[in-house]
Each structure stands twice: as C-alpha cells, then as structure tokens.
Amino acid sequence: AGRKYTFLEFIIWTRRDIYNLLILSIIPTVLYHVAGFTFLALTWVPIALLGTAVAFIVGFKNNASYNRLWEARQIYGGIINNSRAFGVMVRDFLPAGQAEEVRPLFYRHFAWLTALRFQLREPRTWENVDQANNREYQRVYIIPERESTLAQELLPYLSEEEYNYVLTKKNRATQLMALQSKHINALGSVLNDFQLMQLQTAITQFYDLQGRVERIKNFPYPRNFSSVATILLYLFVVLVPFGLLKEFNAMGQGTFLEGYTVWFNVPFATLLNWVFLSLDRVGESSANPFEGGANDVPITNISRTIEIDMRDMLDEKDLPPPIVAIHNILM
Amino acid sequence: AGRKYTFLEFIIWTRRDIYNLLILSIIPTVLYHVAGFTFLALTWVPIALLGTAVAFIVGFKNNASYNRLWEARQIYGGIINNSRAFGVMVRDFLPAGQAEEVRPLFYRHFAWLTALRFQLREPRTWENVDQANNREYQRVYIIPERESTLAQELLPYLSEEEYNYVLTKKNRATQLMALQSKHINALGSVLNDFQLMQLQTAITQFYDLQGRVERIKNFPYPRNFSSVATILLYLFVVLVPFGLLKEFNAMGQGTFLEGYTVWFNVPFATLLNWVFLSLDRVGESSANPFEGGANDVPITNISRTIEIDMRDMLDEKDLPPPIVAIHNILM
Amino acid sequence: AGRKYTFLEFIIWTRRDIYNLLILSIIPTVLYHVAGFTFLALTWVPIALLGTAVAFIVGFKNNASYNRLWEARQIYGGIINNSRAFGVMVRDFLPAGQAEEVRPLFYRHFAWLTALRFQLREPRTWENVDQANNREYQRVYIIPERESTLAQELLPYLSEEEYNYVLTKKNRATQLMALQSKHINALGSVLNDFQLMQLQTAITQFYDLQGRVERIKNFPYPRNFSSVATILLYLFVVLVPFGLLKEFNAMGQGTFLEGYTVWFNVPFATLLNWVFLSLDRVGESSANPFEGGANDVPITNISRTIEIDMRDMLDEKDLPPPIVAIHNILM
Amino acid sequence: AGRKYTFLEFIIWTRRDIYNLLILSIIPTVLYHVAGFTFLALTWVPIALLGTAVAFIVGFKNNASYNRLWEARQIYGGIINNSRAFGVMVRDFLPAGQAEEVRPLFYRHFAWLTALRFQLREPRTWENVDQANNREYQRVYIIPERESTLAQELLPYLSEEEYNYVLTKKNRATQLMALQSKHINALGSVLNDFQLMQLQTAITQFYDLQGRVERIKNFPYPRNFSSVATILLYLFVVLVPFGLLKEFNAMGQGTFLEGYTVWFNVPFATLLNWVFLSLDRVGESSANPFEGGANDVPITNISRTIEIDMRDMLDEKDLPPPIVAIHNILM
Amino acid sequence: AGRKYTFLEFIIWTRRDIYNLLILSIIPTVLYHVAGFTFLALTWVPIALLGTAVAFIVGFKNNASYNRLWEARQIYGGIINNSRAFGVMVRDFLPAGQAEEVRPLFYRHFAWLTALRFQLREPRTWENVDQANNREYQRVYIIPERESTLAQELLPYLSEEEYNYVLTKKNRATQLMALQSKHINALGSVLNDFQLMQLQTAITQFYDLQGRVERIKNFPYPRNFSSVATILLYLFVVLVPFGLLKEFNAMGQGTFLEGYTVWFNVPFATLLNWVFLSLDRVGESSANPFEGGANDVPITNISRTIEIDMRDMLDEKDLPPPIVAIHNILM
C-alpha cells in the first residue's frame, strides 16, 4: 500500500551502504591525488564488461524475486477465491435442518488460515528481515504473527478437543485441513455424493494452495545463483572507484578546477555503486515474500478479508474490522 | 480502440515533462557557456553505465505493466466465456415449465458484473488517473462508473428484497454470487445432480475470475521496485544534460558554429531524457488497468457485451446498444 | 507455409520505406558536402543511447506480437483437438437408433467454425492489412472470407429454420453454439447424465476457445505501447543520417577517396535504418493474426481440416479437399 | 543423449560455413592490402549497432526454438503420463471376466503412438534435415520412420479389419483414437458410467496431446520473423570483414609486423562471423523438433518406452528392448 | 538451505579454473613483455562483440537451468500436495470397518516415493556431479540414495509378495502406482463410485507428476545449445588476455610503473574470465536438479516430510525424524 517510497526514505534505508561506498571511493582518490599513486587508475575496459555481466545477473535475480512475490500473491489470491466458493457450497449444500454444521466448518477454515500464516511467518536462515536496515524499519509497523502466538489465535476458532489435538501435530495447517475432510465425509448422510465430491475437491485445492506457499517459503532463490550475484556485484563495486579515477582527473583539463576534478570520483563512484547495490537490495527484499518485511504479501490482511467475507455470507453481525496499513505497510 | 496516438497527442500528454526537461538542460548549458563553468562537463562514462541500468529497470517495469494489463484482459475474457457457458446451461437445463427461473439468474448475473466493475473502478492511492496530465485527458471521455452509482445501476437487475440485502454487504459482488449459489441449490427439485454440480462449478469459476481481477486491482506493481525505478530514472535525467556538454561543445570544431554548438545540448538532452521518461510514463499508465484511464481494459463495454449476448440467448427483443468508443477511448 | 521470404521479396515488400530512407539520408549528406553545413554532423553519443532504447522497445513489441500470434495458433489448435473429441463423443454416445441426430450436430459445428472465422476476419481500425505494402501483396493470394459471405457459406450446414434464426443474431458463433447446447439437452432421453455432462463441458470449452480468439482480435497490442515505439523509432531514424556524417567523412582520410566518403552515409544510414524499420514491420505484421495478412494463422485451412477429420469419422465418402497454400501463403 | 558436441564435431558440422566465411574475409583484406583499396575500411560504428540488432534477433529466434523443442518434449512427456494412467484404468476397470478386451485396447494405443510418430516425421518444406550439413550427419544414425513404413509397423498391433480400415483414412492417428472411443463406448455393459467417463476423458486428452504436437509440426517459426533474422545476419556477416580492416591494420603499429597485421582480419572476422552464424544454426536446428535431426525429441524411444511400461503392466514376458542412442543420438 | 556461499567457498570450488585462467593470462603477458612480441596485443573491438554474444548465451543457459530447477521443485511440491489430499481421501473414504486397508495404501505410497527418488538419483552421462570440483565437495555431505539400495529401502513398506513382484519390473515407480490402482479398484465394494473416481484421478495425477520429473531427468538442456555456449565461452576466455595487453600497457604511462603495468593483465584478465566462467558453472550446476549435487531439489527430505505428514494423519506415534541439512546442504 502507499504510493512510492520517497528518495529520502530510500536514502535512509540504504544509508549504511552509502557510508561504506563513500569510504570505498575516498580511499583510491586520496591515494591517487594526495599520495600520488596515479598508477592506481585502472583501465575502464574490463570494468565495463564486468558491469554488463553484473547488470545481467542482478536483473536476472530481480526478475526471479519479482516472480516469487507475484506467484505468492497469486496463490493467496487463489485462497481467497476458493474460500468463497467453499463457503457458499458449505452453506447452500447443507439442508436447513443441518445449519449448525456450517459454523464449525467455517471456523475451522479460519483456523487453517491462521495456522498457515503463522507457519509462513516463521524465520528462515536465508531471510533478510532481521538485517540491520530492515530491523530498524520494523519500528514503524508490527508483524501480527510476532505479537501473538498461534495457540492464542486458534482458541476462538476450534472446539477444545480439536484445539488440543491440533497443537500436538507437526504441521498444524495440514492436520486442520485433514479435520475438515473427516468432518465432510462424516456428513455423508445429509449430503449427496456430488456434494461430497465437490467439497472433497475443495480440500484437495486448499492442500494444493497450501503446498505452493510452503514451497515459496521453503525453497529460496537458489544459493549458488544468489551467491554468484553477490560476489560479482561486490567485485564490481570495489573496482569502480579505481576505474573512474582517470576519467575524472581528465575532466577538469583546461578549467580552473584542473587537478582537482579527480575528487568528483567520490560522489560519482558512490552514486554509480549505490545504483547497482540498491537494485540488488530491492530484489533481495522481495525474494522471501512471507518473512515479515515491509513488502510482503499481506497475508494477515487477506486472511481477515476471507473471514469477513465468509462470516458475511452467514449474515453474522459482529464482523471483525479489516486489517489496515500502518504507515502504508500492510501486513 | 483507435490506431495509434499521434506524435502531437503524445507531446501534449507529456508537455509538463518537456517543460521541466528543457529547464533542466538549459541550466547547465547557460552555466557552461555564459558563466564559463566548463568544469561542469561531466564525463560520460558513468552516465552511460547508469543509462544501461535505467534502460533495464524501465524495461522491466514496462514488461510487468504490460503483463498486468494483458492478464487483466485475459481474466475479463474468461468472464465473457464463462458467462456464455453459464447462460446456455441455465437456459437449457431448466425444464420448459421452469422458464420463469431463468430470468432472475440471468439478471442477477448482470448485477454481479455491475457490482464488480464498480468495485474495480474505485480509486486507490497508487493509481495515476488523477495526475495532472491524465485528469486533463479525461475531458475527452467519460468513466461510466463515475457518472452513476452502483445503487442506481443495480436497480433494474434485482428484486427489491435482494437489492436492499446486497447494499448492506461489504463485498457486494461476492454476496451477489452467493445469492446465485443459494438460488441454484434451491432448484434441487427441478435440476438433476449433474446439472447442479455444473452450475456450482460455474459459480466457483466466477469467484476465481472475480478474485483474480481483485488481485490485480489491490496488489500494485511492488512499491520498492517502482520506487527504485523512479529514483534511478530521475538521477539519470538530471545527469544527462551535464554529460553531453563536452560532446556538443566539441561538435562544432572547425565549423562556423564553433563555440555555439553547446546549445544543441538543450534540444538533444531534452529529447533523450524525454524518450526515457515517456517509456516510463507508458508503463506507469498501464500498470493499473482498472483505474479509469484511457488505456484501461474496457470493462464497461465487456459487461455490456455479455448482457447483450445473454439476453440474445433468451431471444429478448429490446437489447441495449453496445458501449462504443468516445474519441477512440473504450471504457 | 514455404521456407523463407527471399531477400528480394523483402526488399520489394519494404521498397516504400527504402525510398523514404534514401531521401532522408541524402538530404543531410548533400547539405554537409555540397552546401558545406558541416555543423550538421551530430555527435553519436546520444544517438547510440537512443538506439539502445529503440532496440529494446522494438524487441519488446516483436516479442508481444510473436506471443499473440503463437497464442492465436494455440487456441485454434485447441479448437482442432476439442472438435475431434467432441466428434467421437457425439458419434459414440448416441445409440445406434439415433444416428440421424449425429449429422446435424456435426454440421452445426462446421457452421460455428464458419461463423467464427468470418467474425475473425472482419476489419478493425488498428489492423495493417489495408496498408499500401500489404494490399499490394494481396494480389498473389485470396482471403476466402472476403470472396464469399457468411450467409452463403452457412447454407449447406444448417436447416432453413436455424439458418434464418442465426442470421438475426448479434454474435452468430455464440448463438450457434447455444443451439448446440439446446440440441444436446433435448437429447436427455437417449443420453445418460454422464454423457450430457461431458457434451455440455465440450460446449463450455468451445465458448472458452471462441472467447480467447475474440480477445486477441478485439484487444490489440496496447495503443500507448505501440505509439511510443513508433515515435521513438522515427526519431531515431531521422537522427541516424546526421549522426553518421562525421564518421563517414573521416573514413576516407589518407585514401584517394578523401572528402568523398561522406557519401557512404547514404547507403549505410539507409541500411541501418532499414534494419530497424524492418524489424518493426515484421512485428507489426504479426500483431493481428486474423487480419487476412500473409502471416495469419491459417484459420480457413484449419476449419477445413476439422471438417475433413470429423466427416471422415462418419465414413462419409465425398470429403472436401484441404485448403492449400497459394504462392506459399496459407489462409 | 551424450554429453556435449566436441569443438571438432562443431567445426566439421559447420565447415561449409567456415569456407564461405574465410573467402568473405579474404576478399576485402586482399583488396585492402594488395590492391591498396584502403577506402574499403568501413567505419565500425554502424556495424556495431547492427551487431546489437543481430544479437537481439538471433537470441529471440533461439529462445523461440528452445521453447518449441521444450514444449514438444513436454507434450510427449504428457503422452507418457496419460498412457500409463490409461493403461491402469483399462486393466483395473474391466472385470476379471473381460480381460480379453484389455489387450486390443492396449495394442490399438501402440498403433496410435506409431501412426503419430510417422506423421510427425513426414518432411515439411521449412525443415532443415535435408540440408547438406545435416544430411551428411545422418550417416551416423538412422531415422526409424524412414527405414520402415507405417503399414508395416501397424501390422502387429491391429486386427486385419481395423488395419485395412485405418489405412484408408486421411489422419490415421485421429481415426485410431476414434476407434478407441468406439470400443470403449461399446463396453457400456461391463463398465459403469464413471469408468466410461474417465476413459472418454483420457481419449479427449490424447486428442489434445496429438493436436499439440501436430501444431508444433505444422506451424513453423513464423516465416517473416525467420526471414528478417536471416537477412540481417547475412548483412552483418558481409560487413564485418570490411569494418575490422582499419582496426587490424592499426594493431601492428610500432611492431615488426607493422603493415601486415591487417591479415589478422581473415581469422578474426571469420571467427566473429562464425560465432554469430553458429548461434543461428543451433537455433535453426531445434526449431522443428520432429524433423528427424540429431537434436529431435526422441519420439521413437518414447513410444517404445510406453509400450514397454504398458506391456509390463500386463505382466507380459517378451518385452521389446528399449530404443538406445546410436553415436549418442537418440531417435 | 543456508544463506549464501562465501567468497572463499566459491574460490575453493572454482580453484582449478583459476589455476588454468592464471596460466592462460601469464602466457601472453610474458610473451608481450619479456619476449617483446607486442604484435600479440589483439584489438579489443571484436572481443567486445564476442563478449556480448557470450554474455547473452551464458545468460540464456542460466535462465534455462534456473527454470529447470524451479520446475523440478514445483513438481515435487505438487507431489507433496497431492499426497496429502490422497492421504485424507483414503483415510476418510474407507468406512470404519475397513481401516486395515488404509495402512497398505499409505505405505505403498511411501514405497512409490522411494522408488521415484532412487530412479531420479541414478547417474546420466550429461550430469556434472562426478566432475572433480563437485566430487570433492561431496565429502561434506552424503547422498542417501548412494548409501543405501532401493531393495533395502523398500522392505519396510511392502508385503513380501509385492516386494518381490516390484523388483522384477522395469520401471518400479510406475508399477508401484499400478498396484495402487489395482488395490483401489478392488475396493469397489466398500467405496462408492464417486470415491473410486476421485482416487483414480489421484493416481492419474501421480503419474503426471512422476512423468514430469522423469522428463527433467531424462531430457537435459539440449546438447547443441549447451555445446555452442561452452565453445563460445572458451574462445572468449582464450582471447581476453590478448585483448587487454595494450590497455594495461598504456595504463602506466606517466607513472613510475610505466612499462610494468602490462602485468596487471594477469590478475584482471583472470578476474574477468573467472566471472564469466563462474556464471556458466552456476548454471551448469543447476541444470540437472536430481544429480545428487549440493544445489539439488531436496527430494529425500521432501519424501520424508510426506511420510511424516501422512503418518501423522493416522495418529501414528513413532514418526521418523525429518531429514536435516548437513553443512547447510539438504538432500
């Protein structure tokens, strides 16, 4: 949510990088100009080719990150759609005399949504949300799955017996959906075979959707691709301030700044490096769309929306409020 | 609709950008030539590399925008196809004696289409339709969903009872489709189980299609990707007029314009910047395909087409006219 | 069909472009060499960057065009596959005593194919088939849908009553398929529910396939993307002959052609521009794969193939001949 | 199969190109150095831009070729999967007393696989397999569909009556599958409606898979895209040896080879051209994945694998041997 | 698993390449500087163009590799999802009195998973896992499918009769799934037709998933694409150290290192070559995602996860432990 990050927000978010890049470009400039080590002025030709390779691989990584994020959102969109369809089927298939069976099926579905979002927000070693620049950003918003516990959140949705049963299980979302299956098949006397089949198909689809978000959660952007990108990027970043020395030194020829324009190397090498580094940071920050970061898929909000829509189908009156963005960040 | 925007239309649409770019390129040229600050002539090398990065990221964004637009159109195409298939099923499944049930199902479907298009045309903070250049363009066409209200448009399609019920709901499209489900399941005595299942499947698919357009509406091109593109583009645009100074100054050597060709910097730096900026504008203007802009997916037209086709199936005589393009813009 | 266009065919097809490009490159060369306006020699740096941007956007457009063409062919492939499957189901589901119901269903299907291809070959404002270079090319082949009328072609396939009914309808293909649905549901006494459901599903799929080709027909490559590509390309084309002046002038230094090599600018600027323009033309000429152009999806041929295959299933003896390529162009 | 082509195999495969390229680069070098036509040294700037365009379009074509090949393999993979699923259904659905119906259905399926692979290996005008360099390569392997005839191969799989019937048909694969449909529907008394429906669905899917490989066979990479790529590539190849003359001439300055280094133009222009030409050849050689070339989808092998797996399901004892690679080429 | 490879790990992994590259760049430098063969300094222009072509083709290959890896993971994700759905169906469809039928179906499913992963980990000629640099890496982790045998692993899952039967079969996974089909169809008296159909559909899907991973296993990145990439890359790598000689020699002009900076050629040509070679290595090492390499899809782990989840559905108590990463490598 929110329109765009401002230039300033970006600068602040990446300020640690900027400090490092400044130091990195000051060193060769000082050595060149003050210490007179002019032989440090690297030829630009291999750096330019390296730059092309870096641009390619960073672009490739960003593309993959974007696709991961977008697929994650698509899957959660699928959860919305199938939940609505599941809702009307449960409501309209059960004959009037069996209406008391509807509510447990609806609420167990909310429990499944809850278990799923807690599982997705668990930390992984390859996630970035606890890096310095991201952690600091978390002061302006809250991650609901870190403020509460699954046990607490499941309470209102399940009977006591099921509640205790589910908490003993390895993968709670999977076993909650298995309970839905058991319940539906136990309704064999009031539903006809077609209706049973359609509801079972819905469960198959929920398992499919659950498995697909778990895949995105558990299978990161491959470590070898990710590592080669980082290594090349850093090599490039180190070489740039050496490669631009001669260019900037030559820039001032014939002007009153002659001999001093080499100092332009500091802001411009930093700028160029910052551009490439920021592109990489952006991709990195979307590669894991369930880590609790500011650009996550808003799974808490979506889960709540489904709850509202489904309870609205039952004409319940005390609908919970939607989850709204805090400082333009929607969880 | 319409063949292409003319060069002039494009110039007019982006004229505010052009003014700014002209100023941006006049400043360094004046400082260089009039004030003699020749040291301002930046070396082109880092700018060229920056330009490559900008081209990459703008291209990436345009690609994503195009895919969003195209997916949006695909989904609405899916709504057409499924509506026709739903139409013939409802018409041909119901036995001759139950023909009076057909019309309410058809008209409630039109109500769903209407609720959906009103929801999709609601404004979002990240949409561009109210920017100066777009707002001015809106004088030449009308956005039907802003000229009327949902309550007004739903009236002809629903019974009074349902009309009042639906307007109390959070997500009207969702609950209208839920009413379809209820109605179909209530027809259990005149339809066989196979027919019920097929109609229920149709409802599941409409929920799927609805959810997918809602996803495109509610999940914009990610803010971090979008912001980094804008920031890099603006950095590039600011640097270009400095970077071309020396080139254009050198251009006139040996001709009678020697010393004055630096002024070519003004039109050409502006031109180059305008090209990159326009590419970005084009992508930006298609990223949100339901905002009411001139390049939107024509959802009003499509909804009307469906209504015509379905009423034609019932051999109704007073078919509404199709929605046509106004000044080549189809809503 | 056919292997490749020869170089000569290409030259002839684009000869109008070549005339214009020649004039465009002669003008600055004459001004430079004859009139001595050497200051016209533009610096190449911004043009090179512009060229990169143009290459990107033309590539993007060609990619989109190719995808539209390929998707169109995929959909028509889907029509083939589903028609065959529909054919065997109709033939084998109906009990021996009801064989006289098979033929009307088969022939109404051919009517649907016919109505669909006539609808797809109707002109649209954004299509290119009536541009000078394409129109001239049409002398070597015929577009069957322009040589005949839908009314004429439908005659052999429909009963008189249905024939008259269908011609009063807005979207004939849609209503023909609706007649199939009505017929199938009327066979409820000789088909079991499973068979009815499978045939109804086939109709749903034909609606899906029809809607998808209609989408490609009615939703062109977006006007804003298309326009920006054309504008940038033309800007580039205008600048190239100015940008190469200095290079070609310098080429002859120290040879006996010194001072005259600037005239190489005429063939080479034309060549370079022609390359970019031809790339764009190729994309443009495949963006609308149902316009009746030489590179269209061969929908007349495919419709005939389906008719042959389906009538062959009934062991009919007087199968129509396949549509063959005329001058290597398959319609 | 097989790891990689060696450098030598590649050189041999493209040796005709290499001869031509050598001649092409010797001509301008001789004219430049021996005849002293130094004005032939073209400026590199437009050639570099042309090279970028060529790289783009060759890349685009290779990408499309690769996708065609990969899709072809995916479809044949789908045939494997559906054949196995069809096999177990036929075997396990038929009651013990009807086991004699299983074998004809299995063997007719093998007949369908055989008819399909013969149809796919028929020549098309746009295929490359009979070009000189490919034809020569065919000496090291055999294309089974050219060593035998369909009539011969079908014999073991069909009853005499069906055998004669099928050979009179236009599209044998289509009509073989139609026979499967007829047979299955004739089993209505021993199979229940669910089983009939599932087997009919399998037939629909086989039609879908057949149609998709036929699409790849019959709809080549579009002629206009293919032609523009070839033309641009050849233009580039002709210009390169002229464009490198000056560079190589300058290379020797100050060394004892001064004045002779222009001869480096011959190997290096040839090398550069060969690289681009080979990239194009690779794409070209995968664009038609059923032409009988060394990089084809191994459809003979796959068809045999299916036969083995299905006969193994019946616990047959005399399973045929798998098709193995000959000189690392798997057909 | 694990965050990233460190720079050092990468260096060690590629150290053989680095040795070769060092030698490759030392040779021309020594010849140039020591032997005075200055004519060896190749002009950079054709190398730069070659570099672009190499970057393109290596990028293309990495993209294809990444897609293969990702698709492989998606398919195995699909196996997870369908296994869970299959599990609840088997458990909940069978009436209470038939619970003893559940366990064999579950355990035969684990047998299928086991047979599949053993088949996928069999070596292929085009795989890289036994190259020197990868083999050495295998000391830090174990490939479970190489430490045990299929026969051993299948023992706990199958009855003795089935165990012996399956081991006689060609494709064990296929025939295990065929046994599932036979078992399910034999349950016809306790399951209704809808339930049978749904379970049969699950088997069809498992065949589909199995066939898709087998496709990735058996159809490598095409040999011609792969070979041309390797050849171009090696040509480029050989030329680079010659092409940079002049640049680095010129670098020291006017500094006290004049005449010696040509030695910078050794580290920088090596660095540049290493970058391109490493990019290629990364792609190569993910192209075959079931070869037993460090970046494989973790199929042992996934199979175990499925076993845990499914046994947890039966409330079994002695669940096996999950497979965990060894030195951050998950098998």
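Letters A, B, C, D and E mark the chains in the order given here, with residues in each chain numbered from 1 onward.
The definition used in the following text is that a residue touches a chain if its C-beta (ideal position, glycine included) is under 8 Å from a C-beta of that chain, and two chains touch if they have at least 3 such contacts.
Just so it is clear, the structure is predicted and the values come from calculations on it, not from any experiment.
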Mutual neighbours - chains that touch subunit B and subunit C alike: none
Same or different residue numbers at the subunit A/subunit B copy interface, by half rule: different
Chain centre separation (subunit A, subunit C; CA means) in Å: 40
Computed distance of Cα centres, subunit E from subunit A, in Å: 25
Junction residues of subunit E - those touching two or more other chains: 52, 193-194, 197
Direction subunit B, origin subunit A - full chain order round the ring: A, B, C, D, E
Residues of subunit D defined as touching subunit E within the complex: 1-7, 10, 44, 48, 51-52, 55, 59, 62-63, 66, 69, 73-74, 77-78, 80-82, 84-85, 87-89, 91-93, 192-194, 197-198, 244, 247-248, 250-252, 254-257, 261, 264, 268-269, 271-272, 275-276, 278-279, 282, 285-286, 294-295, 297, 308-309, 312-313, 319
Footprint of subunit E on subunit A - complex, ascending: 38-39, 41-43, 45-46, 49-50, 52-53, 56-57, 60, 64, 125-126, 169-171, 174-175, 177-178, 181-182, 184-185, 193-194, 196-197, 200-201, 203-204, 207-208, 210-212, 214-215, 219, 222-228, 230-232, 234-235
